[in-house]
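Following this line, the structures themselves.
Note that subunit A is present in both complexes that follow, paired respectively with subunit B and with subunit C.
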Partner chain A sequence: MLTKKILLSAALSISALSLTLVSNSSFALSAEEKKGLDISMEAKKRDLGWQDSTADMVMLLRNKQGQESIREIKMKSLEVLDDGDKSLTIFNKPRDVKGTAFLSFSHPVDADDQWLYLPALKRVKRISSRNKSGPFMGSEFAFEDLSSFEVEKYSYKYLGVEELNGLTNFKVEQYPVDENSGYTRRIVWLDTLEYRIHKIDFYDRKNSLLKTLTFSDYKQYLAKHWRADNQEMINHQNGKSTELKWTNYDFKTGLTDSDFNRNSLKRAR
Partner chain B sequence: MRDKLYNFVGKNPFWVILVCITFAMVAGMGAQKLEFKSDYRVFFSEENPQLTAFESMQKVYAKSDNVSFVVVPKDGNVFTAEHLAALKKLTKESWQVPYSTRVDSVTNFQYTYAEEDDMIVEDLVMSTRNLTSDKLDKIKQIAISEPLLVNKIISKTGHVSVVNVTVQLPGVDPMAETPEVAASVRAIKAQFLAEHPEVEVYLSGMIMMNTSFGEASINDGTTLIPLMFLVVVITIGLLLRTITGTIATVLVIIMSIVTTMGLAGWLGFYLTGPSSSAPTMILTLAVADCIHILTSMFYEMRQGADKRTAIARSIKINLQPIFLTSITTAIGFLSMNFSDSPPFRDLGNLVAIGVMLAFVFSVTIFPALLTVLPVRVKMQSEGKKDIMAKLADFVIAKRKALLPLTSVLIIASIMLIPNNELNDDFVKYFDETVPYRAATDFMQDNLSGMMVVEISVKTGKSSGINNPQYLHSVSDFTDWLRDRPETDHVNTITDTLKRLNKNMHGDDPSWYKLPDSQEMSAQYLLLYEMSLPYGLDLNNQLDVDKSSSRIVATFKNMTSNELINVEEDMIAWFAQHAPQYEVDFSSPSLMFAHIGQRNIISMLIGTTLALILISILLGVALKSWRFGLISLLPNLAPAAIGFGIWGLYSGQVGLGLSVVIGMTLGIVVDDTVHFLSKYLHARRDKNATPQEAVHYAFDNVGRALWITTFVLVAGFTVLAQSSFKMNADMGFLTALTIFIALIVDFLFLPPLLMLLDKDKKKATQSTGAIVEAPIKKAIEAA
Partner chain C sequence: MSLSFKKPFNKSSSNKLTGSLIAIAVSASLLLGNLAQASDVEFEASGNITVEQRYFFKEALDPQQLSHSQTSISVEPELYWQWNGGDDSVIFTPFYRVDSQDSQRTHGDIRELAYVHASDDWELRVGIRKEFWGVTEFQHLVDVINQTDGVEDFDGEDKLGQQMINLSVVNDWGIVDVFLLPGFRERTYGGEEGRLRGPLVVDEDNVSYESSAGQQHLDLALRWALSVGDYDLGAYWFHGTNREAYLSPSSQSTLQQSSLQQYYSQMDQLGVDVQATLGDWLWKFEGIHRSTSLEDFWATQGRFEYSFIGVFESNIDLGLLMEHSWDSRGEVALGAQGSLMQNDLFVGARLAFNDMQSSEFLMGIGSDLDHNAFSFLIEANRRFGDDFIVSFDVRLLQSNDENDLLYTLSNDDHAQLSLAWYF
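Our next item is the complex of A and B:
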């Protein structure tokens, strides 16, 4: 009965690939594991159908001494239904990396495909896929923190509900499937109203609290898709932090697959 | 006052005992609060400029507290399939060390190479299955020719390698965090050795050093203090032949220690390597008061006095001198407050408190105990008195020869003082029995020294490090540093950039050079950074804004002065070749190198003040400024001779020894006080000639002086057995100085008195030519 329900909801939204995976693994699930999975699937489902988006991002890096550093980035993303999403990141600042562009095809289970275009060399270089735990542009965000959320990337455990920012939140623990992940687990707070993520605690490979990411200033686009204007990552171990500020969100701009390949990297602006 | 004190104690001995013990117990409860701080940073005050520089550098880059596993395959070759597999496993295990943020080893070194048009960044040892001898050889060649690895992670010949774990202690509970890391690392080592009996593993790094501070002190506490008690019991038992007296003395000592350490706990002190030797020192110093009281008391009883009268008289005679000697000792120790290093201030304060408490207990609970406990006097053999009398005769007879002879010896020793050199090598704070010392010695012989200097070269501009001019400066500096004979290793971002440039040009070795343009460097670095996994990023070399980079230089072990010279050379290099950059130098090595100098200067001020204060006290107590001044010579000579001999014996003066002058000053003064006061008593009250007065002083205090000196020398010799060299050297030099002080007081002071006291004698008394003639000769001889 339960399985049937999952099958149904999965079939409604997600690809055949993820469907088989989810259903295969859902047989032996405990009640908490199943509820955790359900919540995550619902969150993914609620955001489906955005097709493509563009946005500007400012990245503010701070160290323990209070020094700051700014990165300016333009992001283009493409929703891919039967696989992970595709994204193109164009660097604007620092000036000496202006025009550098980063292309990523994320995959639910397999390693992501990544390329970097270096304008100084006028060449596209493939990037090692084992770096997903590594920092993105020297920030406190790892690649895996920025890549698209896919249900199959984790197994789940529901921990209960908790008040956060005046909202009732589900608290779900997520365990990365990929052994190259830098985490043993993440604890995610999603509000019960809109299934928006408000906070994530990251636990490192020795299961110590490493970082906390908080989301604020959520805005709704196209009457459906919620995006937070502000994301702040605090590293508890080294005292550094990184703030992301998003502006100029635009959806369904008409981007296609041809805007996300090695050739498009070179002309990306 | 003096009578009243014992009147009260004698009448209410049980009350006195009860009140004292209650006080000691209540105070002693505070000892539970005492915790040991296992961190080398405690040696530096918060305002220490090198510490401040170091901490701000640690905030800009990543912290550099670390643990190193030094892995030594018994077959002498790291590059075999099974050793590499073992290293890979150890690397993975190391990520489980609490607070670890980075693990560096041969296997996870981020090796970059060109493959077609791509640059591959991956672990140098990806998989240890199917490693052919060709592949193994290739890995070896890459490893031992990589400047980032050689001497740091792998030895030049590939026979020893290191897994280096960087930890970031949160500092929430500092007393618990270091031991937690050490325990985890040791468990990993034990497990690793069980699985790989074909290797040896040493543990080194800052965390292990910090752990050793704590463990060496605990070790001392369990071995040295009981040993010291044994020395006290045997000394008093044998020399004074009294069981009751020994028990009462031991009780006074225990109470002095417990109360002091308890008060320390209540007052919020924490223990450190140096301050944990306070109990041993208090133990040693507290004995002297009791010996003086016991000696006088037995003397009175032998003269036929009953016990209570004997105790009363003993207290009356001794109250002022032991108060005076306790105060001077306390002042000597309080001079340590001028030290730049907080643990030595704590040590000085603790011992000063302990000495004053010992005085209080010696005149309260000690006589009370002696009153209620049975005391019998055994007849003493007369032989020992003869020895003192013979010594007095000898000194008086040979004074013409002794004064010049001892003067020459003193001057010769003083001339040896420049043989000493300031040196704080924190590795040598531990003797060879401490595993950390053995590990670092092994590292020095096979990889690199422990002297590390971190150099932050700042442009003040965002992305400034990508500027080709900057990179060339850093690269030139690195080359210059590597050419110096004392340099073992230099870690610099320019090596990485050269390698990336080569990779970008199809691994063509002719491209192993810095990129030409700012954009090129920036984009190579970006590509490289984007390829690195968690914990192996460049944050330990570059700041967030890429406006500055950190060069880490590792040198062969050297003295503080040599390191300061290297630092000055580096400063000069930048002033000459790249003055446009702001450059900071810092590291624990530099902190220790500088603290010796800072400490010596501040301790000299402190010691001078203590000397002035003590001399004034002596002048008042002896009722003569003249003798106050004369006493300066025998008070200062022992430390001077001590350091002279030390210059011959070792010549290395660190933090621990820089406080010895102040410390011993207060102790050696006691001998002078006792001798001079008896001498003056004979001169003033008994109208004795200087010769007679010298004889009188020998007869009266000679024995007490050598007994107390024996106990003090024994006590500090026990401390000299500490595996914590800082305490051991301090103990040894103190014991030596106290021993010399006795010789000076016996062989130099009396001839000096007989010489200088002549004029006064002539003016006040008329004596025959018998005395005058030899003194004249002595003057001529001198």
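Our next item is the complex of A and C:
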């Protein structure tokens, strides 16, 4: 069983490798596909080297009637160059989940490894990362909307340029590689100046417009890394929205692998 | 520590235990004294107050037991200090419950009073703590460090704080934990008035130990845990006082009627726990081998879960689960030593609504495959406003076999509603 599993994962990593090779080879792609891929690779490249970061996040959930509910979350992330990033998410509000923490090792193509710590029982639970399309904490953000951007997660098509927020933006269509994604496609607007994402339209499995995410109040850190202080997700189908406000961004704080294991998950605050 | 304890400890050795509690409190206050000089001390207070109402559908078998209604209120604050950027911390979590009917259920405990120091690849944890091991839900076979606070609930998930020194070392080949456990806690049981108990009351004053050290026996445990790809593995060895007492009817009972005396043997236990997380499937297994002077046996608990994501074109997740218990001692007569879960199957379904209120619903049926006994449970909970959680539970127990504990509980079908305020 174990040997079979190892063989299987070896086969998977070979296919992942060939996938990368294919998507990087220009002659397999049309001019629009090639340009879409190039823009996304450039956006990823421009943000490389942040090493690690910490930040606080407040989520404001709003339903159709305007009722609000708050989530307070602390994030710690570690850049992993030859794999997906590692992250530790610590919940502070709602108060009944205070002390709950979520550890994730993301992978570009393979399923992410995820553990949840439940403080009432002092229990660490390995959980399935299969539910990418489900809502995060009852918000309009799906788990996949909050995971780190990896070039291998999508195939691409360049749609042209468009004016947005007074800036010229590339308009790129992205098709999720993972069949468990809740989307058929996303349309992403990135400004031509700094390759910052300004807007994303999400299309559901039936290919109708589901949500729009807009980014505002970008700040630059360490003279390189751009982060938006505000993100607003509007669900066009159910009328609900979720606002994300980021504060206390800090980079290169000295976090290492040892800050992202079962033990650090249990004592996370 | 002004909290008064009703009956948390055995009288004979309460002095020594109180002594070590004081020692821990003194070292904690020394640490807190050091805090004053350390920069960036962060303090947090939180907790919950819960009101719980149980209703039993039928009269009790024993007229001494409460009749239908049982109300209780519990409080569990948590005080937390950290310094050195979180590398050093102290946590204090007292707990107290007042029960309207069962005097044994009115009780207090220090769930946690511990100092933790974290370094890059090791951690030292000293004090009263809770440590959970295992992967399954309906029975926690491998979970052995903390004593069960049995008077709290039927499911055995509530635990008493355990005094310990725990060194945890992180290696590439797994996390190794060494535990020194001074001071044993006796299990809590419902009193004469309590429901969900067998025909005989467990006598909390009639306790004996195999070890001449009694409650002061120093228990040891060594555990290894590793995550490789989709697999999470754990294995341990435990040497010390059996957390499960051998119960037998006492002849020289001080009570009018007969009661059960408790005998805590020494034990050696090997345990393993494995989880495979394969897409929509979760496979879980726990196994133990326990060796005492009275018996040697094996027991296992296996489980799988399958999840349907976003059923009915909604955000609702549906999980189907099945869990099986096996024990090498097989079927046992009521009162004889052995497990109630010798060949039992549980099937269940869980709905997670993934809404703003985190609504959840679980329904399950348990069945003893060796004879005619069933249990049925419903658990539902939902958040109201920002700070309140309402939970509703129903448990029905039924058995036609007089040998089964469930037979003696078959009048104890009940529903429970609880409201918890988190602050």
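Note that the second predicted complex is superposed on the first by the 242 of 269 C-alpha atoms of A that agree within 3 Å, B and C clash if a C-alpha of one lies under 4 Å from a C-alpha of the other, contacts with A are read in each partner's own complex, and residues count from 1 in each chain.
We take it that a residue touches a chain if its C-beta (ideal position, glycine included) is under 8 Å from a C-beta of that chain, and two chains touch if they have at least 3 such contacts.
On a predicted model such as this, the values are computed, not experimentally measured, just so you know.
Chemist: Identify whether subunit B and subunit C fit side by side or clash on subunit A in the overlaid structures.
Modeler: Partners clash after overlay.
Chemist: Is A:T100 in contact with subunit B, with subunit C, with both, or with neither (first, second, both, neither)?
Modeler: first
Chemist: Report for A:G49: first if it touches subunit B alone, second if subunit C alone, otherwise both or neither.
Modeler: Neither partner.
Chemist: Tell me the contact category for A:N263 with respect to subunit B and subunit C: first, second, both or neither.
Modeler: In the superposed model, A:N263 contacts subunit C only, not subunit B.
Chemist: Figure out whether A:S208 sits in contact with subunit B (first) or subunit C (second), or with both, or with neither.
Modeler: first
Chemist: According to the stated criteria, A:G239 is in contact with first (subunit B), second (subunit C), both, or neither; which is it?
Modeler: first
Chemist: Which partner chains sit in contact with A:S69 here, subunit B, subunit C, both or neither? Use first/second/both/neither.
Modeler: Both subunit B and subunit C are touched by A:S69.
Chemist: Please indicate which partner A:R130 is in contact with in the superposed arrangement: first for subunit B, second for subunit C, both, or neither.
Modeler: A:R130: touches subunit B and subunit C.
Chemist: Touch check for A:L116: first (subunit B), second (subunit C), both, or neither?
Modeler: Touch status of A:L116: first partner only.
Chemist: Could you list which residues of subunit A make contact with subunit B in one structure and with subunit C in the other?
Modeler: Correct list for subunit A: 61, 63, 69-70, 94-97, 121, 123, 125-128, 130-131, 133-135, 137-138, 180, 182.
Chemist: Under the definition above, what is the set of subunit C residues touching subunit A in their complex?
Modeler: 44, 46, 48, 80, 82, 86, 89, 116, 118, 120-121, 123, 130-132, 135, 157, 168, 170, 175, 225, 227, 229-232, 275, 277, 279-280, 282, 307, 309-310, 315, 317, 354-358, 383, 386-387, 389, 420, 422-423
Chemist: In their complex, what parts of subunit B are in touch with subunit A?
Modeler: Checking each residue of subunit B against subunit A gives 56, 59-60, 62-63, 95-101, 117-122, 168, 170, 462-463, 466, 504, 517-524, 526-527, 529-539, 542-546.
Chemist: Using the touch definition up top, name the residues of subunit A that touch subunit C in the complex.
Modeler: 2, 5, 9, 61, 63, 69-70, 93-99, 111, 113, 115, 121-123, 125-128, 130-131, 133-135, 137-138, 180, 182, 256, 258, 261-264, 267, 269
Chemist: Okay, in this complex, where on subunit A does subunit B touch?
Modeler: 61-65, 67-70, 91, 94-97, 100, 102, 114, 116, 118-121, 123, 125-128, 130-138, 142-143, 180, 182, 204-206, 208, 236-240
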